[in-house]
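Shared chain: chain A. Partners: chain B in the first complex, chain C in the second.
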Partner chain A sequence: MPMQPASTEIASRTAAIVNELKGLEGPLLPILHELQEEFGHVPQAALPVIADGLNLSRAEVHGVVTFYHDFRAQPAGRHVLKLCQAEACQSMGSEAVAAKVKQLLGIDFHETARDGSVTLEPVYCLGLCACSPSAMLDGEVIGRLDDEKIEEIVAEVRS
Partner chain B sequence: MNIKADFPTLIEEIDYGTPESRAEKQVTLTVDGRSITVPEGTSIMRAAMEGGVEIPKLCATDMLDSFGSCRVCLVEIEGRAGTPASCTTPVAEGIVVRTQSDRLDAIRRGVMELYVSDHPTGWNEKAGTGASEFDAVAKSVGLTENRYGVEGRNHVKEDGVAPGHGSLAVDYIARDESNPYFTYDPAQCIVCSRCVRACEEVQGTFALTIEGRGFESRMVAGMHEDFIASECVSCGACVQACPTDALREKTVLEKGIPERSAVTTCAYCGVGCSFKAEVKGDEVIRMMPYKDGKANHGHSCVKGRFAYGYATHKDRILKPMVREKITDPWHEVSWEEAIAHTAKEFRRIQYQYGRGAIGGITSSRCTNEETYLVQKLVRQGFRNNNVDTCARVCHSPTGYGLGQTYGTSAGTQDFDSVEFTDVAIIIGANPVSAHPVFASRLKKRLRQGAKLIVIDPRRTEMVKSAHVEADYHLPLKPGTNVAILTALAHVIVTEGLFDEAFIRERCDWAEFQDWASFVALPENSPETVGKLSGVDPEAIRGAARLYAKGGNGAIYYGLGVTEHSQGSTTVMAIANLAMATGNIGRPGVGVNPLRGQNNVQGSCDMGSFPHELPGYRHISGEAVRDIYESLWGVKLDEEPGLRIPNMLDAAVDGSFKGIYIQGEDILQSDPDTKHVAAGLAAMECVVVHDLFLNETANYAHVFLPGSTFLEKDGTFTNAERRINMVREVLEPKARYADWEATQELARAIGLDWNYTHPSQIMDEIAKTTPSFAGVSFELLDRVGSVQWPCNEKAPLGTPIMHVDGFVRGKGKFIRTEYVATDERTGPRYPLLLTTGRILSQYNVGAQTRRTENVAWHAEDRLEIHPHDAENRGIRDGDWVRLASRSGETTLRALITDRVSPGVVYTTFHHPDTQANVITTDFSDWATNCPEYKVTAVQVAPSNGPTEWQREYTEQARQSRRIAPLEAAE
Partner chain C sequence: MIPRIYVPADSGALALGAEKVAKAIEKELKERGVEAKIVRNGSRGAYFLEPMVEVATAEGRVAYGPVKPSDVKSLFDSGFLKGGHHKRWLGAPDKIPFLAKQTRLTFARCGIIDPLSLDSYKSHGGLNGLHNAVAMAPADIVSQVTESGLRGRGGAGFPTGIKWKTVLDTKSDQKYIVCNADEGDSATFADRMIMEGDPFVLIEGMAIAGIATGATKGFVYIRSEYPHAVATMNKAVAIARKAGVLGANVLGSPNAFDMEIRVGAGAYVCGEETSLLNSLEGKRGVVRAKPPLPAIQGLFGQPTVINNVISLASVPIIMDKGAAYYKDFGMGRSRGTIPIQIAGNVKHGGLFETAFGLTLGEIVDEIGGGTASGRPVKAVQVGGPLGAYFPRALFDTPFDYEEFAKRDGLIGHAGITVFDDTADMMKQARFAMEFCAIESCGKCTPCRIGSTRGMEVLDKVAAGIEAEKNLALVTDLCNTMKFGSLCALGGFTPYPVMSSITHFPEDFKPAPTRVAAE
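For the complex of A and B:
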């Protein structure tokens, strides 16, 4: 697992990012993206620093962070695999795909493999309905999932 | 007459669902066949309610902007498709609205069925009161079934399986009981956001949010913290807004829904919020902010809303007590005995030492009627003018300064005026802590775009907090107010930013020119003043330009202005600024003292000062004395009497021997504690009339038990001169309301007083005081409240003063020369101490320390800058010794950069800290208001309490002994 940065480091790095981006119109989301880029997640210790820098309350920042599933509270595995579970994919067997992936990786949705290799997440529509069931691996979309593709994906994240 | 029979039922205020529209244009529509005319911009929901048609609703309430999330308030509009939400749809001319139809019924039932499927109601669980708005709506839509069952994922049930393992309970969150006054039960939350919006729109703290999204979304405090650990300030707005019982007062959950209520006025700060005191049996269940209250419009703070527990605290003394010497234990006696003893002692002292050897102190916490009686007792009964009030130590310079410049000793505006303010200056006040409900209203205006200038040594919450950022903060060195204000005037004059037309019309042009030539002197320039005050000259210039030219400019100030050796000069400097810029006499502008106590304005109005009869009329005026002499049948002394500090000096000198102190703790609240103690100890009959054995009572010979604001009728006058009703909701616990006790004492010394109700006292005030001529309880019952002057010219009172001209005629510009205080830092005392308040505590804390509010502020702490702390080897939380030329005390340090280097700060809420052992006896040149806000001190690490603190604690313990009752014969 990646090392968690010390809280003082989080605070100082966050303050620097806030200062750099606070002039933007609607600076909160860009700041959160930048933090996730920096730390691989949005550490909770960063939230009060953002709140102070933008004259928001901690509650407001927390509300925004938790609204977006893509902002992580914990660092993810080296790979992130998202399986679409929205209506079109469901109708094309995405639940079975999910069951198979979970079984092969030994983890459930929202979990990270113990070796830190992969984090598995559901996603609700990748805009690839014509190629259902679909997935996204480290930002790359994959359509028409079948057993063969699933095994390829699992092999890749395990490597 | 049983007064409580006047309010046998619970007052239910109408909730119109959305705020009032202030548009002038009227629109007529038809709702369920009724023709209704409302201002343009009104929601259909509100229009319907105004016409008497109630549309079911969950996410709407008239304290908040419409939101449109619950989908219960849908209506049909002829000619329009669909079923729009009535809360978010504005009225339009001629539309025909139906609020009931089979289709609407079915939709509403369907929505409620969904809500109920994830709510304890659906599980047939009793979780709340069963009397919430949610329960009422479920009933009103005729919900009888829940087709969705309760087997699915839910927020209601904890099933014993660890969360996060696919159990049904992943969404369950346990109740949060961390706030002492209310409970948050997430299982009952329907995510309507009313609490979140109340915290944002009404209170302005933004402590709540909706976490997550979709089915996972839930209201949480802070970053999913316990309420007590979050940014929540416990104002209660969320609890009031909650339509379910997810947020509910603990007292209501424990003791049930109140049965009856009366509208009354909060007895804490000078905002004077109106509340419904809701009672069950003989117990107050809760205090609910009253929407028709003109000071607070339905909002509250933690003190008024929740901190009334002191009224039933076990420390309350309910029997009169006397003792021979202050080293003796107290003996409980009957009222008759206590009163007779007091009267005998006072007469003996006057016979032995002279008529002027006794006096009285009126209370800014008691009602106008009670205050009036105490000064009447002194003038008519003691036959001298030795009467003073605690306003001496807070806002006496306001009375003097505004009296000199404008002609009235009071603020110029109503609180509603802030809604029209474009630039606010806050000087020496932290309304977020001391006047929270006003702070909420100001913050709302700031969020609408008004500008803010803060002049304060500390970086208060008004300088920077969520959604608040002062445009200018002038962090001046304590004691340099006059210099800074004169520098602002310098910029306004030299840069030609003054309002010549206003000055020529309303003021004396020659006086203005004299003043202008004075402020224009180079020693008053920002550059010179910047050096002595430590403020950036450019910030002074910027602030002056903003105030002069930024539109409606309003000045709000507190004790940081008055409690200085130049307090009166500072008030005059403020008055000058407002006149020079034409910011007087209309909504949005003015000079507004933020009064500390509930009735400090009233106690001043009622003739509590030794030189003034009610209505600020000098005692030397023969015509004024005539009024009272003919009514009271005595000759009044035409010489002003002694002020509090003079009484104490005279006591030490041996010429002042007896005092009647109603509802004030001078030992703790007045400066230079040791001097006060010496003065009290030198007296022969000290009578303390209070709820508790306060610190002053350690030196008392007679103790008369007081009554709380819940136990009497009367009026309080708030900072905006508003006379508000106080109503008796409980019988006086100690038999007499305070006015009755004073009357008993007056009779015992031979006065023929026969008041049977406080309304008769107000009638006497009205009869003798021109500015109160139109005031009566009958009028107040009818219209709610009035702002004085209330007389023939203004039968319903005067919201804004000096509209067409100053009360004194022409506004008077007065030169304000800066004179540094004699209290200076030096090598031995290099730091400046300034004092203030915190939100959860009030004044000397006699009341709030006896409530659950101690959860927030259990002790006074010394704020010190990290730089000064490091130099002295002080770490956060360490005990430190705080020493001045007057004395020393110890308390724990709080290291923060809210204070500048060289400045330390503390509160004075706790008697064991005794911050006033430190403060000096320097005072305002004009009014003797003590200089609390500047004391040169040194701070050093310490091991614990000082000898004085230990001795004091021991003496207080000894002094509070009450002898066991002897067996009855």
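For the complex of A and C:
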């Protein structure tokens, strides 16, 4: 597992980020994105600091963080692989692609490999619907997945 | 003149290897000591030909595609910088049938220009609309947009001009323009293509909306699944600001308008306008009850125009060529053009901008060329995950808001997913319920709980447990969801479910009977 920063460090970095962004209109989502960028997830220890900085209750901040699929409570693996499971990809066999990837990686959706190499997630549309089935590996888009591409992806996340 | 080579940096092209192609071209240029400029354009939308590389020759552009990195060496050997013949040669891009048959108004520049060159934008007619708008009274701009017949391209089809008029007529010190770029519907990618391929047209459209309604601040809310669109829009806004297109004096006029790019966080429901406003405000993306309309009390309680990317990006051409020009395209109450996105199991997938009125059959069979798998088309879902599944029997339906409504469907954001005969419509109906359960914001009980119950009941049908009784229950549940939900997520999930049951009853027969029938 990646090293977790100490909670005092989280608090001070969070305070800096809150200070930097709180002048925006509606600053909470930009702050949460920045925190996830910084720590790889939104640490529990950051929530009271945000609440304090934005004059919100902790419950309100918790409610927002947990509403959105993107914000993680735990750090992800070194790679994040998202497989599109929406209709256009379904029509081109995304279900079989997912089954194959799960089998090769030995994990299910929303799981991280035990060696911390990769987190697998479903995604509902990457806007690559004329290049189905599609995936996103660490922010890079991949279309028309076939066995060869799947094996390349698996080799990459394992390396 | 240094030769120009166009290699798209559109996400769809990147997903098919455009980056590797660009690198291979760069390497080959270096090795051969040839000087050329590589322009990273958007996509023209013919994804079956991507990555489509173009070269500018004395006789105009010549396209090659789909280009693989391994083709690059032989392209140079064939003299492709002068348009030489090669197995990937496609000729003039605007003569490629898929592109030649289109009417490109909103997407006129997409895939042609360098998306981040304001000069290139201007030399292709960009900013003409905004120049006209700054010289007009706000009410006149609004009436132009109203007269053009432009309706919300996000899916609801509400007249854009009427929305703008409400905001114009509502007094307030602060008003907002919010662009809904949370394009979460499967089969849709028009918003993404515009943001990646012609971002200035959206900025121009938003500036016009601001001037027309008295709003000085704009937000583009882009889904996080579109990192390339976010990056391009951020760059484009900075360029526009520096050039005085945005700022305290838009194009030197006394009108102020500036904007920010915001990123969503993976919630499908935030594509619903009131959820989106809550999300922008930093709240849970929960749907708001209407009234009050966002046009009266929208973002931070202020009058707000909230429009889809394509609606806003269609405004510059209306302000440039006039309402009558735009209105002249289309049929009935569906005026202008619509970028149809042909997706899924289809041979010629991509974006096809055309006047309203083509039939579904023409779109799927003629333009799309049938399925990619070569098997017969069984069903097409029109309008994303909340749209109805249409069987071949309804392929004579013209692409028009009202015509689709008459047949219990919707055109939505104009995405079409094609399925071949291996599709199991009971599975698709169950997925619609499952998706609703995953993405429900939780505000309305029929959506929050009904979706899960819907899945369970459909599972019973699949298992052959009192199929008839349970299908009647699903129908009743759909009725409750339709009329008991505030927004389209709970309200429209019944469309894919009920259309599957109505048009493909054979797929809902209990398993033993299905086996016996075969």
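Following the convention adopted for this analysis, the second predicted complex is superposed on the first by the 159 of 159 C-alpha atoms of A that agree within 3 Å, B and C clash if a C-alpha of one lies under 4 Å from a C-alpha of the other, contacts with A are read in each partner's own complex, and residues count from 1 in each chain.
Here is the rule we use: contacts are C-beta pairs under 8 Å (C-beta built on N, C-alpha and C of every residue); 3 or more make two chains touch, one makes a residue touch a chain.
As the structure is a prediction and not an experimental result, all values here were calculated from the model.
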Practice task
Would you check which partner chain A:125 touches, where first means chain B only, second means chain C only, and both and neither mean what they say?
Solution key: second
Practice task
With both structures superposed, pick whichever of chain B and chain C touches the larger number of chain A residues.
Solution key: C
Exercise for the section: Figure out whether A:51 sits in contact with chain B (first) or chain C (second), or with both, or with neither. Expected result: first
Practice task
Answer with first, second, both or neither: which of chain B and chain C does A:62 touch in the superposed model?
Solution key: first
Exercise for the section: Figure out whether A:108 sits in contact with chain B (first) or chain C (second), or with both, or with neither. Expected result: first
Handout entry: Partner chain(s) touched by A:12 [first = chain B, second = chain C, both, neither]
Key = neither
Exercise for the section: For A:71, decide between first (touching chain B), second (touching chain C), both and neither. Expected result: second
Practice task
Pick out the shared contact residues on chain A: the ones touching chain B in one complex and chain C in the other.
Solution key: 63, 67, 69
Completion exercise
Within the complex, chain A is touched by chain B residues 166, 205-213, 220-224, 230-231, 464-469
Exercise for the section: Show which residues of chain A lie in contact with chain C when the two form their complex. Expected result: 24-30, 32-33, 54, 63-64, 67-71, 86-92, 123-132, 134, 136, 139-144
Practice task
Give every residue of chain A touching chain B within the complex, in rising order.
Solution key: 44, 47-48, 51, 55-63, 66-67, 69, 108
Fill in the blank from the handout: chain A partner, complex, touching residues on chain C are 11-12, 14-16, 47-48, 50, 183-189, 191-192, 217, 224-228, 260, 262-268, 279-286, 300, 341-346, 349-351, 372, 381, 384-385, 415, 417-420, 423, 428, 431, 435, 438-439, 441
